[in-house]
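Comments concern the structure below.
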Amino acid sequence: MPIVNIKVTREGSAPGRSAVTAEEKALLIKGVSQLLLDVLHKPLDSTFVVIDEVEMENWGWGGLPAEAFRAQRAAEKK
Amino acid sequence: MPIVNIKVTREGSAPGRSAVTAEEKALLIKGVSQLLLDVLHKPLDSTFVVIDEVEMENWGWGGLPAEAFRAQRAAEKK
Amino acid sequence: MPIVNIKVTREGSAPGRSAVTAEEKALLIKGVSQLLLDVLHKPLDSTFVVIDEVEMENWGWGGLPAEAFRAQRAAEKK
Amino acid sequence: MPIVNIKVTREGSAPGRSAVTAEEKALLIKGVSQLLLDVLHKPLDSTFVVIDEVEMENWGWGGLPAEAFRAQRAAEKK
Amino acid sequence: MPIVNIKVTREGSAPGRSAVTAEEKALLIKGVSQLLLDVLHKPLDSTFVVIDEVEMENWGWGGLPAEAFRAQRAAEKK
Amino acid sequence: MPIVNIKVTREGSAPGRSAVTAEEKALLIKGVSQLLLDVLHKPLDSTFVVIDEVEMENWGWGGLPAEAFRAQRAAEKK
């Protein structure tokens, strides 16, 4: 009876996209449910998955909002 | 000092509704707070309730997005 | 397909008890599942409930660990 | 590797504002990440922060939706 | 920067085991992190995974504690 | 009415300690409650804090259990 919660930033995975697509969400749901079946023998229909999309400004890493942190990291690598 | 989190899909409970209504939310808040008072003697004003409404495509069950899972179940029952 | 999470402090509801009992947990599970059936017409077997018991020192209220906060409140009422 | 989740109601902190501002969110992210560095020596870049803004009608306290609870409290203090 | 939370009951996946093993946990962590890389191109080192093991009596399904629900289901299938 | 959840690995912050101490927890509770008062003007007694301590083997980063990930990082820095 697993419950899986996946939190990601609300952004596209490729240029021209501004959010996770329905197809990508379906792949996440399928993949993680299958993983629980493979590893722990949990039947597919006993697994719930909830995906939360979080606005970029609501996500922090490195003491900074996510976009500022990414910019800082990119600058460090130069 | 309980904290209750209720996650439901964002959909109406009757035809013509597309979301949980404010009245239904108030009933959930009242009911679960009363339950914690009745069972564990928690004072009403020490209970927090947060309701999350989750888009249908962000909810997975049976390895599928919720709508596809419901369609599959309905087909199986025929 | 609701998911309910109930967080309570790990303590007894009556003198001589140091934790929530299995009977109390069963009442919480039954009560909140029934509430979701009554208010939102969610079938019982589509509701998952998870109860988290949190150590007293891991719970904060009023800027203080829970026990210190309760002592402060009790002192204020005198 | 801490994960911090901060849930607040979606409302402004001053008249004329209807939501938490990006500046306030940045201050929350910075402050809580610094706190984990100060208290537990967690490096800034190992801390994730997620802020959830919750609609007023989805938040319950005292067995009531948040606005009704605040109105009740304000009336009691008169 | 995904955060994945996996909640499962504290029980073994095979006779003679009473809990999820460290190896099984490592497989869950590896599998779901890889899934986020494959589907959303999230670098492995930006994904956090937290596994919660929940006592059987703290998990509810079908309005019943998990063990009672399983027994009921098994009886129905006969 | 904020709710703050802080998840950290169950380990000591200094040699000879195997867990977060009660004093450190009290500092986290005090600090984050004060932060919400300073930034969003939330009264101290409307903020709940819950600290979750997670076993090292239940925490994943970089596709690995936390300890393996740390060892890998340390080796890379050499």
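Order of writing sets the labels: A, B, C, D, E and F. Residues in every chain begin at 1.
In this text, a residue touches a chain if its C-beta (ideal position, glycine included) is under 8 Å from a C-beta of that chain, and two chains touch if they have at least 3 such contacts.
Here's who's who by UniProt: A, B, C, D, E, F = 4-oxalocrotonate tautomerase.
Since the structure is predicted, the reported quantities are computational estimates derived from the model, not experimental observations.
Path length between subunit C (4-oxalocrotonate tautomerase) and subunit D (4-oxalocrotonate tautomerase) in the chain contact graph, taken as the least number of steps between touching chains: 2. Chain pairs C-E and A-C differ in how many C-beta pairs they share in contact, with the greater number at C-E. In this entry, A-E is the pair from D-E, A-E or C-E that repeats the interface of B-C, since more than half of their contact pairs coincide by residue number. Averaged C-alpha coordinates give centres for subunit E (4-oxalocrotonate tautomerase) and subunit F (4-oxalocrotonate tautomerase) that are 22 Å from one another. We define each chain's centre as the mean of its Cα atoms; on that basis subunit D (4-oxalocrotonate tautomerase) and subunit F (4-oxalocrotonate tautomerase) are separated by 17 Å. For subunit E (4-oxalocrotonate tautomerase), the set of residues that touch two or more other chains comprises 1, 3-4, 7, 28, 32, 48, 50, 59, 61. Across the whole structure, chains are in contact as follows: A-B, A-C, A-D, A-E, B-C, B-D, B-F, C-E, C-F, D-E, D-F, E-F. Here subunit D (4-oxalocrotonate tautomerase) touches subunit A (4-oxalocrotonate tautomerase) in the complex through residues 4, 22, 25-26, 28-30, 32-34, 44-45, 47-53, going by the rule given at the top. In the complex of the two chains, the subunit F (4-oxalocrotonate tautomerase) residues touching subunit D (4-oxalocrotonate tautomerase) come out as 1-9, 13, 20, 24, 27-28, 31-32, 35-36, 38-42, 59, 61, 66. Contact residues on subunit A (4-oxalocrotonate tautomerase) toward subunit C (4-oxalocrotonate tautomerase) in their complex (touch as defined above): 1, 3, 48, 50. Considering their complex, residues 7, 54, 57-65, 68-69 of subunit F (4-oxalocrotonate tautomerase) touch subunit E (4-oxalocrotonate tautomerase).
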